[in-house]
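Take a look at the structures listed below.
Here come two complexes built around chain A, the first alongside chain B, the second alongside chain C.
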Partner chain A sequence: MTHKTVSVGGLSRVEGEGALTLRVRDGRLAGLELRIYEPPRFFEALLRGRAYTEPPDITARICGICPVAYQMSACQAIEAACGVEVTGPLRDLRLLLYYGEWIESHALHVYLLHAPDFLGYESGLALAADRRDLVERGLALKKAGNELVAAIGGRPIHPVNVRVGGFYRVPGRRELAPVAERLRRALDQALATVEWAASLDFPDVEHDYRFLALRHPGEYAILSGSVATGDGVGFPVWEWPEHVTEEQVPHSTALHARLDGVAGYLAGPLARYALNSAQLSPLAREAAAGAGLGPVCRNPFRSIVVRSVEIVHACAEALRIIDELTEPEAPAVPVEPRAATGHGASEAPRGTLYHRYRLGPDGLIAEADIVPPTAQNQARIEADLRAVVEPRLDLPGDELAALCERAIRNHDPCISCSAHFLDLHVDAR
Partner chain B sequence: MGATGRDGVPRLAVWKFASCDGCQLTLLDCEDELLSVAARVEIAYFLEASSAAGPGPYDLSLVEGSISTPDDLERIRHVRRVSRRLVTIGACATAGGIQALRDFADVREFASVVYARPEYVATLDRSTPISAHVPVDFELRGCPIDRRQLLEVVAAFLAGRRPVVPPHSVCVECKARGNPCVMVAHGTPCLGPVTQAGCGALCPAFNRGCYGCFGPMESPNARALNRQLRELGMSTPELVRVYRTFNATDEPFLRAGDAAADEAAREAGDAP
Partner chain C sequence: MSTPGRTVVVGFGGVCRGDDAAGIEVVRLLRGTLPPQVALVENRGDAAELIESWSGADLAVVVDAVRSGAPPGTVHRCHALAPGAGRHLGSHGLGLRDAVELARALGRLPRRLLIVGIEGADFTLGAAMTPAVRRAAGALADELAERFTRPAPKAEGPAEGRSP
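The block that comes next holds the complex of A and B.
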């Protein structure tokens, strides 16, 4: 079969707009492009001339799914420029807020976006018609995450209480008590989620990933750390520009990242787990062992299990922090601007998120650079797709499209940070 | 209204243009109501949540995002044609969003800052609200929208009535919530007096001044507020920035931002 044209609408259950083009020549895959056509919004350009206090609010608007990640990377980059480090109970509160976003975002992906692939449904809502108990458990988990974010940040999407230096107001113990109560139930639901996710049927696929994630001496890195890779490269966040470069490809409004000149590394839950699993909370480690995960997971379809383990970790750690939380002296530490450049990175639910700001002496932003996880993962997602598609080029178009979508969804891409729409176009001559 | 879906169930569609996905996520964030809403409407097109993409027409379309590319100019007309009711959700769809800051700059220059090869990027000079292109039946404000207001809009549509979404300012919500006024009590600058309610006066509840993410209320008096904001220490460039953020091209905020920008230019000219 040398001629084949298949065009299928809908990379659904991801965030953003993208398309996939397969070029088939004489029965062989000649080219594959994941085309992201999310309208460009030019954040790095519009941040210039804004005050150093504004990036937490402005960059949150890059992504409604992971605004806290943007706020945390932004705050830390600016604080680094100004020579300030936020520590102690204020850092604990940031962690707590971030765990809330991990629980919310992971529960959304596991139950509403990813689970339907394994169980043969078009959506989480369709799944609910047959398995209401399952979807209700997912929604309860998601709600626990949202309530945690709202208790600290004011609302789940684009929280208002985050500022450079800390918070506007620190929530009292009384405000956190009902959240802790819900988190205790969420922890049980998260453990049940790992057990259920481990029982799904996974395609027998393994990729030779080059992993990248943050690593922190004291915790399973989420809020901060230095950059680590699976092959032993490590560098502090301020050396990011020397190691990670972005290049533009004609088919996409997302930039492709390269690590030390090589494209195709992977950030996200599989990377974090491979590099840092020894630092998971005891309950999460136990759940991972029970799910048969081993020290490294190279099957992207099983990322649903890793995300579930990370939900357990986030619930357990959030409960520990609430339990041990002491009142900070002030809701924020003072941060005075100065002419300097600062770098910040944190682990968004879908991978490492890097920000850099150069401030002028007036405290206005002279230059901004943001590298979101999906831009880093795009080349690797294309490689996953090639591996999945190549041996199966003679599948009917709709089956091939469904398989491609699954291969993409495995990485929970955020195409607003990037694909509401995968048009699979197979161009065969 | 006679519905077009199976068994007379109304068909809902959710569309995305230039945006962060946060407003449509708000629908999925209705954890307690989602399954009952899904039982009362057919969610016929909602790519963030479902692979099922049923063809139109749709009884209710929720539209997120602003129009900023040549393709989207065409797509919004299609969405209008296949929708009996069209409701915009959020600051991008209702007022152009944060990406409308390009309207005050040269978009080619913007593109050259982000992209090495800006010629690969198709974009318009301006980011415009949906109402600039097609008739809109209702506009729900907020960056992001409020979950309770979204449920009210869907419930009102199902009942065939206008949504009850108050046009008054955030100040009213502060009073209702018992928040002390942050301007009076702490001397914190606040856009609450000119900003439409809907968030529940969140920022003041966290000792922060409102930053206007719901956009201008009906007939705001920005001039009077600006005097107060200056007394509390806001500079002219700060006034420009606070109006030119998430609802920068919504008429009353546009005028307030432009007036402050003119003044900033004069101040800069007067400087030694």
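The block that comes next holds the complex of A and C.
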């Protein structure tokens, strides 16, 4: 038989929905397309004509998993346009909020979405039935993240306390005490998570990734920094449009990103770890070393270990910040609009999230541009898929489909940020 | 978070995808109308948070938008403690049904769980709620408000029975 057709619907355990098609002809891979049906630039269009104060709340709606990332990139882009930089305790509070989101998002992915792949379960639910201890640990970690986000952001999902210039209200030390208490337990659970994740079986795969992440002189970059790549390219965030271009591809309504003309770079935990692992907190560095991670990890299956290390870092840093936090003079610094363009980027759990706003003299948004990490990673995820699929085209369709799903889940694509429906079709003839 | 004997009403869904906001709308309409032992929660699609909300509750009512092919505004109800009940047809990564099954596996279901699905028609990003769905949300909020404020000896969930 030279031609066969296999169709698998419903790619599971990814955030959001999209579609993947493999075309196999005469035993060779003739085409591979990760299709993302993005509501084309809906939010960017929606933002035009809105007040400069609105993007943090509007763009937070793009994603239920990483609203803080949207808020932070949006705030910083607008503040940059207005010539304001938020520093000191207000910046620390932003970091705290962001660490909360990392903990929430990573705990969900590690335990409920990614772990079943390694332990031979079809879902997090099936895993919970057998390994209640593991799933409860994941949920406890996630809850610690939710509580941190709620304490700073006003509620655990889609925080309402963020504004351009800072916050509407700043929590007092007493409000943070129970959060810190839970974070201390979470830190132990995070360390146990790294140990457990390191003990999983990983396929022996390495890809020659071109990494892209923010880099910050004083911290493992999460809230801000300049853009760095593994091959030595570096540029400030305001030069993003000169380096990162987006192009339409026929099979997807999400745009494919190119870095200096080359498609297929990787953003996200592996990139952050490769570029910045020396800046992890001492506990996280220790955990990484104990887990056998070198300074760079090119095996996407091991991203579960890197995410776990990042949870340790987030818990440890959040505790340090709470311990050292001083009260800001005001919940926000004044930000007056002016006709200018501002760029902002931060490290969403899934990778670098870039925002650009052009403000008119009336303080209204004339133009908005948002580049989410999953859209940046889409071409690279396709490359991972090609590498995994090509030598295994003779596998039965369902096994091939399962392998594809794993290769996609390694990168925790948040397709709801950039897409709508995800079904998997293997069209082999 | 889990007070024995308490009731929680959760609106589940997104607010910028048209009729997906039906559950959230019900909770918003209920604000200020219920006694303090009835907690109101807006959940934008976080299954784990849902489990936290109902852990230890006596009765949880979860209102979500559904898509089954019925006319818009049709209200489906099911008691979700039977395995496989409460199938969720929304667009969330881990949905309501996942939350029910996960809570079951973890022994963290509420004592009684009523899932109310409001049939939606338009889930487009940025769409307004369909008038029939908005009316259904209003009627359901009225029904729940009446049920939970009525001086009855024991609060029951709203009208029972499976979806048609």
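One rule holds for everything that comes next: the second predicted complex is superposed on the first by the 417 of 429 C-alpha atoms of A that agree within 3 Å, B and C clash if a C-alpha of one lies under 4 Å from a C-alpha of the other, contacts with A are read in each partner's own complex, and residues count from 1 in each chain.
Convention: a residue touches a chain if its C-beta (ideal position, glycine included) is under 8 Å from a C-beta of that chain, and two chains touch if they have at least 3 such contacts.
Computed from a predicted structure; not experimentally measured.
Peer 1: With the two complexes overlaid on their shared chain, look at chain A and say whether chain B and chain C clash or fit.
Peer 2: Here chain B and chain C cannot both sit on chain A without a clash.
Peer 1: With the two structures laid over each other on chain A, which partner does A:128 touch: chain B (first), chain C (second), both, or neither?
Peer 2: It touches chain B and chain C both.
Peer 1: Is A:44 contacted by the first partner chain B, the second partner chain C, both or neither?
Peer 2: In the superposition, A:44 contacts chain B only.
Peer 1: Is A:406 touching anything from chain B or chain C once the two structures are fitted on A? First, second, both or neither.
Peer 2: neither
Peer 1: Return first, second, both or neither, reflecting whether A:57 touches chain B, chain C, both chains, or no partner chain.
Peer 2: first
Peer 1: Between chain B (first) and chain C (second), which, if any, makes contact with A:158: first, second, both or neither?
Peer 2: both
Peer 1: Who does A:139 touch here: chain B (first), chain C (second), both, or neither?
Peer 2: both
Peer 1: Does chain B (first) or chain C (second) touch A:207, or do both, or does neither?
Peer 2: neither
Peer 1: Quick one: classify A:108 as touching chain B (first), chain C (second), both or neither.
Peer 2: both
Peer 1: Following superposition on chain A, which residues of chain A contact chain B and also contact chain C?
Peer 2: 13-17, 39, 42, 46, 61, 64-65, 108, 112-113, 123-125, 128, 132, 135-136, 139, 142-143, 146, 156-158, 416, 420-421
Peer 1: If you look only at chain A, which of its residues touch chain C in the complex?
Peer 2: Going through chain A, the ones touching chain C are 13-17, 39, 42, 46, 61, 64-65, 108, 112-113, 123-125, 128-129, 132, 135-136, 139, 142-143, 146, 156-158, 416, 420-421.
Peer 1: Could you please specify the touching residues of chain B with respect to chain A in the complex?
Peer 2: Residues of chain B touching chain A: 16-26, 28-29, 31-32, 34-35, 38, 43, 46-53, 65, 68-69, 71-72, 97-99, 101-102, 105, 107, 109-111, 113-117, 120-121, 123, 143-144, 199, 202-203, 205-208, 211, 213, 238, 241, 245-246.
Peer 1: Can you name the residues of chain C that touch chain A in the complex?
Peer 2: Touching chain A: residues 14-16, 43-46, 48-49, 51-52, 91-94, 98, 101-102, 105-107, 124-126 of chain C.
Peer 1: If we count contacts the way the header does, which residues on chain A are in touch with chain B in the complex?
Peer 2: Per the stated touch rule, the residues are 9-17, 37-46, 48, 50-51, 54, 57-58, 61-65, 67, 108, 112-113, 116, 122-126, 128, 132, 135-136, 139-140, 142-143, 146, 154-158, 160-161, 163, 167-169, 247-248, 250, 253, 255, 331, 405, 414, 416, 420-421.
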